[in-house]
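Each of the two complexes below includes chain A, the first together with chain B, the second together with chain C.
And then the complex of A and B:
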């Protein structure tokens, strides 16, 4: 009886401490993000207040209004930046996915000379910090005239993402037994049909997750974009954040408002694709 | 009509040759089982017939055409894989209809064929489930259903039952046999399990190390194994083998055991020749618990090491001439471990193998 009570008590405390720990961890992760959202609705006085104002008060949309307003009132070409970001991220993601699918499939299915060396080499390219490449990239792009263009940045992001998409997609295709495609071939498919009708649908979840990663990498990338884009015509949203800094002041409210606009599409995309990630991987066509 | 003919088929992986110029004729509507230990090249052979593996040498004929360079889709064959290879993103119905859909048949025809196949294999209740929600035996049936909807010329099976538990395996074995009776098609079936081979086959083809060792009906290979490998591979329990030497009108074994030469071999063996005597457990039984033997027999005293009662019969593990020997007891009584019994060896059912070549001397 006593022992029973004790173990019940113990499991209760374990549960409580579990939740508390979880709460603390989640707070550490989430508070900066929530702070940005909060600040985007606050006047500068509250943002700068010391000690910080924890309880929100006097929330308004002034920062957003100003941001979309004319140049004189602290406005920035948000729509232009947004379009730039969208074009660059989407295009580079789609290209990286196609290259990644071709490469990942090849690595997973075929045997060829130097396969492992090439694979390691691909991953090693990711060991070089992007910023270290910014100057050489800048010079090359300036010489070839693709600096400050969508095309230039797309190229850079494709190069950045391809090793990663190949690696990730390779892993997913490896999990699909080759028998599936062979069964499809016997059922009358060509190699090409077997891929698109059987292997691709089964690996869809992997392709989707590679897509999210590639998209988020390009969408959020700042270091290279800040070097390789100059004008409104090619600047991406993260680079646009810098428009809020002037020589002596930083417009924190405006910056937070733009940051919120930056976060929203990424969140939406993740939510949409997440469903695929969970429901996608239903093996069982082969022995479990 | 679709016979399958393999002429001098060779398969190399790089420098390694894994199938050595094999020849095989499979008649229309015949059920042929390729059996052999794992790694002997059965799957490779089957996959060459399917067109999933290129052929390094020789010729494969299906029906009346040489198919060496045809892709699988042009060979009109179906294959059931060991791990089923069902399409996990499709329902059972879609799995079954996939090949017809690829062939661009119209929907009513597809539905008809799928329904027909689902009836043959009693899959009606699972048609809208995905493979992930099926049991092993059900998946197995879907895999077979997918193979039959197309009415192929040839069915290929690659160890289709080896992922099932023993009870289900026995059940599916019967279903496959029934299926063959129903749909009347040429079947080439690969397994490493000699029980499956014996029960299913019209003709057994025994392979070892990329060669065909022997082919024939189940009874033929069971009663007249061409060498000691086939003798021990086919039949359960495996054939007992006793190495010995031919003396003057008799066979001498270690430990002073002497047996008469079986009559079939009298004129074949020479004195001084090293031989191996082979006999099955069914042909060495304790006196009083045996079958009547017509022809020569020999009485041997042996003490029983371990006995395994199986109900209608008991297996007796004994020692003879320094070798472990398996004998059988019909109408069994309880046997004490270490008990000495007199056994009757049916000499007419014995085989003699050459000790050097391991080949049957018959």
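And then the complex of A and C:
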């Protein structure tokens, strides 16, 4: 009897410690983000208060109002940044997907000499640190006059995203048996039709997850954007965060408000496709 | 028609090659050339002033460079290992949950959506010695009387930066390892139980070999993007104060843009590029080895 009770007690403690650890881990994940959201609604007086104010009081939308307000009220051209980010991220994602689909299809369906070497070579271009790449890009773009334009940044982000897109999409096309397209061709489809009518619908999930990754990368990128954009007409949101810092002080409340605006689209997008996201990574990687 | 002669596969990967050559290869060749000159942004004519390997020798002899180099290696080693172990732990914790697992998985992905620069600002705020969450909490709880200089002291600043980096990237590992845990067939686990294996033994000899490829994928994905930590460091401390948290990437950025010594910065940039390529190739080799072991090789 005693042993039985002991083992019951042990499993009870295991269960409790499991839940406690899980709770602590989830808190560490959530609190930093929630702290930002909370502070975007707090007046600066409360943020700076000593001793700290723990129970939120007087939450308001002042930070957001100031951000969207005119330049005189400490506002930043946030709508402009938002539009820039949206244009640049969406365009570069779409282009990267088409380029990546063509490349991924080639790697999944054709056999050719030096295939592995080319594949690794393409992937390695992704490993080049942004800051090391930004130096020569800065000079080249300044010479060709596409610095500080949407076009320049779109070009860079397409190049950044293509290797990873090819990797993921290649993994997905490999899952589809080649017989499927061959059968369609026998039935009178051209190869082009067979691709769009048979293979693409099956690989759609993979393309979607590759698209999300490409979008998130462009949406969140900072190292290159901070050097290649100068004016409000091409600055993206991550670069815009800098507008709230001055030499010695940082407008924390305003920055938190912009941060919330930065995170919302990424959050919505990820929730919609999170299932594909995980399967995309695993298929592309393990079984590829 | 010339393109009729080219094989189809080549036409398909041609757009990728063209764009990568234009945006990455050509600028890199240019930076390779300029790393052998005394190029300064402020004086364009110095681009043609060939000085051989002077920049590289200067870097090799520079204590600042080696300090930053060593710190980068240390930073990457600690961060990647911590991310892997914490990710494994988190995945194991979540995989045991029966109810509400979907929600936990969603929460787990939360940090992945954050922009690295935002993560930097967020933790700069949280570790701020005056108004930060950490110091406020410590003081309110009476654990510390004075403000702890999280981002000023050398060790604490390094700790804060690694904390931010680990916070951001652990979820990549956790998600992938979790996917691996779900793909493990149940039979060997049960057979092991019947044969009297301890939980540790069945984890070590059944679970771990199965999730190894997933760990390496996560490592490979992370290593592709390893310099992403630049954003965090640049925002949180920018290598300072007094170079106490200087890593290779911040050193390159400062030399290139602030001091305008493009040639020298590009020479150091090449060191960082080879470092990143080394990490990537290393993990891809491991990934392929793990695939072969599981019989999933291409």
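Everything below uses one rule, namely that the second predicted complex is superposed on the first by the 248 of 288 C-alpha atoms of A that agree within 3 Å, B and C clash if a C-alpha of one lies under 4 Å from a C-alpha of the other, contacts with A are read in each partner's own complex, and residues count from 1 in each chain.
Just so it is clear, a contact is a pair of C-beta atoms (placed from the backbone, for glycine too) under 8 Å apart; a residue touches a chain by one contact, two chains touch by 3 or more.
As the structure is a computational prediction, the values presented were derived from the model and not from experiment.
With the two structures laid over each other on chain A, which partner does A:124 touch: chain B (first), chain C (second), both, or neither?
It touches chain C, and chain B stays clear.
Mind working out whether A:30 is in touch with chain B, chain C, both or neither, as first, second, both or neither?
A:30: touches chain C, not chain B.
Look at A:180 in the shared chain and tell me whether it touches chain B only, chain C only, both, or neither; answer first, second, both or neither.
first
Comparing chain B against chain C, which has contacts with more of the residues in chain A?
C
Which partner chains sit in contact with A:86 here, chain B, chain C, both or neither? Use first/second/both/neither.
Neither chain B nor chain C is touched by A:86.
Going by the contact rule set out at the top, does A:158 touch chain B (first), chain C (second), both, or neither?
Touch status of A:158: second partner only.
Across the two complexes, what residues of chain A are contacted by chain B and by chain C?
Chain A residues touching both partners: 282, 285-288.
In the complex of these two chains, what residues of chain B are touching chain A?
50-52, 71-73, 77-79, 81, 83-89, 98-99, 102-103, 130-134, 136, 139, 146, 150, 163
Per the contact definition, I'd like the list of chain C residues that touch chain A in the complex.
Result: residues 7-10, 12-13, 15-17, 19-20, 22-28, 30-31, 34, 41, 89-90, 93-94, 96-97, 104-118, 121-126, 130-131, 133, 136, 139-140, 167, 171, 175-176, 178-180, 183, 213-214, 217, 220-221, 223-228, 230-231, 234, 249-250, 252-253, 256-257, 262, 265-266, 269-270, 272-273, 276-277, 279-281, 284, 287, 291, 296, 298 of chain C touch chain A.
Applying the document's contact rule, which stretches of chain A touch chain B when the two form their complex?
These residues of chain A touch chain B: 177, 179-180, 182-190, 193, 197-198, 201-202, 282-288.
Given the complex with chain C, which residues does chain A contribute to the contact?
18, 21-22, 25-26, 28-33, 35-36, 39, 47-48, 50-52, 54, 98-100, 102-103, 105-107, 109-110, 112, 118, 120, 122-137, 139-140, 155-156, 158-159, 162-164, 166, 216, 219-223, 227, 237-238, 241, 250, 252, 255-256, 259, 262-263, 266-267, 270-271, 274, 277-279, 281-282, 285-288
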